[in-house]
Amino acid sequence: MKQFLYPSHIGDLKTALAEAFEIKHDRYKYESLGHHKTALLIFFNNSLRTRLSTQKAALNLGMNVIVLDINQGAWKLETERGVVMNGDKSEHLLEAVPVMSNYCDIIGVRTFARFENRTDDYTEQILRQFIEHSGKPVFSMESATVHPLQAFADLITIEEHRAKNRRPRVVMTWAPHPKALPQAVPNSFAQWMLAADVDFVYTCPEGYELDPQFVGDLKPIYNQKEALKDADFVYAKNWSCPGVTRPQEYGKVLSTDMSWMVDKAHMDLTNNACFMHCLPVRRNMIVSDDVIESPRSLVIAEAANREISATVVLKRMIETL
Amino acid sequence: MKQFLYPSHIGDLKTALAEAFEIKHDRYKYESLGHHKTALLIFFNNSLRTRLSTQKAALNLGMNVIVLDINQGAWKLETERGVVMNGDKSEHLLEAVPVMSNYCDIIGVRTFARFENRTDDYTEQILRQFIEHSGKPVFSMESATVHPLQAFADLITIEEHRAKNRRPRVVMTWAPHPKALPQAVPNSFAQWMLAADVDFVYTCPEGYELDPQFVGDLKPIYNQKEALKDADFVYAKNWSCPGVTRPQEYGKVLSTDMSWMVDKAHMDLTNNACFMHCLPVRRNMIVSDDVIESPRSLVIAEAANREISATVVLKRMIETL
Amino acid sequence: MKQFLYPSHIGDLKTALAEAFEIKHDRYKYESLGHHKTALLIFFNNSLRTRLSTQKAALNLGMNVIVLDINQGAWKLETERGVVMNGDKSEHLLEAVPVMSNYCDIIGVRTFARFENRTDDYTEQILRQFIEHSGKPVFSMESATVHPLQAFADLITIEEHRAKNRRPRVVMTWAPHPKALPQAVPNSFAQWMLAADVDFVYTCPEGYELDPQFVGDLKPIYNQKEALKDADFVYAKNWSCPGVTRPQEYGKVLSTDMSWMVDKAHMDLTNNACFMHCLPVRRNMIVSDDVIESPRSLVIAEAANREISATVVLKRMIETL
C-alpha cells in the first residue's frame, strides 16, 4: 500500500477487518516486521488520539518512530510554487518533503483543511506533495478532506457491536458546533460506510450536502428525526458547509440549530442504537452528557480501535517496502 | 502499586530505599520487565528534570515511552462537568482520560496547582480524574499538592549522605521568590521526611504553615536561625500561602523577606549541613551562589536520583499490571 | 571524541570519509554499539533536518534518544553568572547542564548566535557551558559560530560527486536574504573545505569577510562572476556581517543585492558545476527555481548525508565513553 486516503487503498474490507481483529487479539504479532523501519509522523495541526494511537501502532510493529510538529520546533513551510520567498516562511515544501523522506521509511501527515480555497483543500494540495515528492508510502493522519484511520476504526467498532444476523442501519447526523470544522471525518465515514456491508444514510440541514466524490449520488435526509428511525448506530458529527452547490459558502457555518444536538429524545427514536463520535466532542453542543455517558456510547471503543486501524495500515505499508 | 502520590503508596521506605540502591547500582537490571509495556507521560505544565528523568527511567525498564504535551500539539481540555462546551476547550477530560489510557499501560501526569480554587487543588481534581477514569496505574509527576518522585529522590540523597551512626536533623526552610509557587514540593518533602527515619522540622514566616494532611500536627519554627541550628541537611524551598488558617490567602505571596535567603551566614549556623533544593532554583533569591556551588551542595545529586526514584516507581507499577 | 565543533575534532578527514561510506552502505552496522546509551538532543532553536537526521543517526546506532525543546515544554534558562534571578528565567544553565547530563551519555546542542554580543557568540558561550559542566561528550547541532554536522555532510556529498581524476574547485558564494542570518554554516563550510582535499574560494560583497578563526588568511573574491569561473561546486549561502573589520556591524544585513542570487546565468559561468545549499533555502532569493530543481542540484543529497555525518560523529563519541 503506497498511499492511504480511501477505502479502495486498503482493498477488500472484509480482509482488512479480519486482519484488524487478528492484530487486536495479539497486537505485537507482527513486531519483527518493523525492525529497522522508521515511521515519521508529521503534524501540521494539533492531535491527541492520532498522535498517541499511531505512535503506539508503530511501536506494536517494532518500528522506530519520529514525531515532528511543524510550526513547533520546526518552521513554517511555503507550499506555493514560484514565489519569491521573502516573507515568514523559510523553507519550501518542495525541499522539505524529499529531505524528510530521507530519514524514514513511511510518512504519516496531519494537515487540516485551511478553508482558504476549496480547490486547494479538495485536491489535498499538501498531502499530494508528500505523495508525489517523498518517494515513500504516505498515509493521511487526517488531511484536508479525509480521515481514513478514523473511518477504518469506526468500521471495526461497528463490526464488533453489530447484530450478526442482519445488516445494520448506520445513520450519520450533523450536529451543531461553535466553530467551522472540516469535512474530513464525515467524508471518510460516509465513503467507508458506503463501501462496507451496512445500510448508510446521513442527515443534515440544507447546504451541508457532502461532496459526490465521497457519497456518490446519495442525498441526505433533511429531516433528522425521520432519519434516526430504526437506526442501529448513530454517528454524530459537525461539519461546515462543503460548498458543493454554492462554492462561495465553503467552510461557512450555515446553522447553529441546537435542536440537532443528539440527546435522549433523539436516541429514543432509534432501534436502541449505539452512539458514535470520533472525538474530540463538545459536550452539550454535539451530544448531551447522558447520551455520551450511556452504556450504548461507543466513543471510547472507537478511539481504542484507532490503534488497531493504524497498526493494520502501517503493516500493509511495511509489506510493500 | 496503582497510584503514586504519597509515601504510603510505596510502602516500607527501607525496602524502597534498598530497591533504589539496587537499581542505582545496575539501572538496566529490570530491563526485561517493561517489554511490551508503554508509559504515557502527560504534561499539562512545563518540565525539565521530570521530563528527562522519567523518560530515562522508563527506558531503563525496557518500556516504550510516549510523551504528550497538552496545550502544545494537543488541545485544551475541559475539566468541569456539565458545561456547554462552546468556548475554547474542544475536549473533555472525561473522554480524553479513557482515550489516552487505551494506548498505554502506565500513566504519569504533571498538573500544577492553578490557584483558582483551593478545594480543586487540594483534592487533586485533575489527577483524580486520571486515577478514576483511566483504569491504569497513575503516578504524579508533580501535581497540585504533591511531588512524590522528587521527595523520594531527596530521601535517597539524604540516605547516601547521612552520617551512619545517628539520626540526621533535616530542616526545611522557606525562602523568597518573585512568583507564587505551589506547595507540592514542601508538602511532599515534609510528608516523606515525617515517614522516614530522620528528625524533621520546618521553618517559615507566619502564614506559610503547611496543610495538616501533609505535616500532621507538626508546627513550623518561625525563627529561621533557631531552626537551622544543628541541621545536618538544609532543604530550601519557596512556597506560596497554603491557606490553612486563612483560605482567602491561598496561593498569595505573603513575604518577600530577603533575609530568609540561604547564604553562608545561614549555613554557618548548622552542623556543617548539606544544602538541598529540588531545582529549578532562582540563584540569589533562594540561595546565594557560594552556597549552591559549595561542596556541601547536593542539588545535582538530588536531580540524578530522580532517575532512580522514577525507575523504582515504574518498576513497582509494572509488577502490578 | 569528547567534543565536535571543528574538523580537527574528527581527525583525518579521509578516514572519516571512509567511515561515512561504510555506514552509508550499511547504516545499522554499528547498531550494537549504542546499546544502553542515551543521546540527549537539546534544542534552544528550531530545527528540521538536524532534528530528524540526528534522531535517525542515534537510532541507527541502537541508542535511546531523548529530545528536549528548551522554551517549549521546559523553561527559559539564565546564562549569565552572578545575577539575582528575579525575572522570567527560572533556572540557571549552571544547574541545568549538569542535571541534564545525569540522564544521558552524549549531548547534542542547537543554540544559534543571538547577535547581542559578538564575543558571546564567537566564544560559543552556551555550548562551552555544556562542554565544561556536563562531563559528557558534546556535539554542536549548529551553534553560534559552527554547523559541523552540515559541513561534514557537505564534504561527503562533494566526495560522492567529484571527478575522481582531479582536485575539485569549490566556490562558496554569499547570496541575498531578507533576514539577518548567523555565520555558522559558512564558517564551518570554509573551515572543512580548507582542511579537505579541494581548492576552495569564497565570494561576497565587501564587509562580509569571514573570521580568520575559520578561514585563516584566505581573502574573499569580491567579484562573484570571476569567482564562479571554472567552479565544480557552487555552494550558495547567505550570512550577515561577521564584524571582522567593523565589530559594530556584527549581525547586520549590509547588502540585499539581488544580482548575487544564483540563477542560470551564474551557473553558466561554471564548469557545469553542481549546486549546493544547506537548506532551508529561500527560493528566488538565494537561488532560482530552475537551478535548485536542475539535475546538478545536490541539496537533497546533502540533506540525506546529514544522517551519515551524524552517525559517524555519534559512533566516535560512543567509542570514547
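The letters A, B and C name the chains in turn, as written, and every chain counts its residues from 1.
Following the convention adopted for this analysis, contacts are C-beta pairs under 8 Å (C-beta built on N, C-alpha and C of every residue); 3 or more make two chains touch, one makes a residue touch a chain.
Quick caveat, the model's predicted, so the values are computed rather than measured.
Of all residue numbers used at the contact between subunit A and subunit C, under half are used by both chains, marking a mostly different-residue interface. Rotation angle, subunit B onto subunit C, C-alpha superposition: 120 degrees, expressed as a multiple of 5. If you average the Cα atoms of subunit A and of subunit C, the two centres end up 39 Å apart.
Chain contacts: subunit A has residues 72 touching two or more partner chains.
Those residues of subunit A that touch subunit C in the shared complex are 36, 38, 40, 64, 66, 68, 72-75, 78, 81-87, 90-92, 94-96, 98-100, 102-104.
Residues 28, 43, 46-49, 51-53, 55-56, 59, 69, 72, 178, 279-285, 289, 292-293, 299-300, 303-304, 306-307 of subunit B are the ones that touch subunit C when the two sit in their complex.
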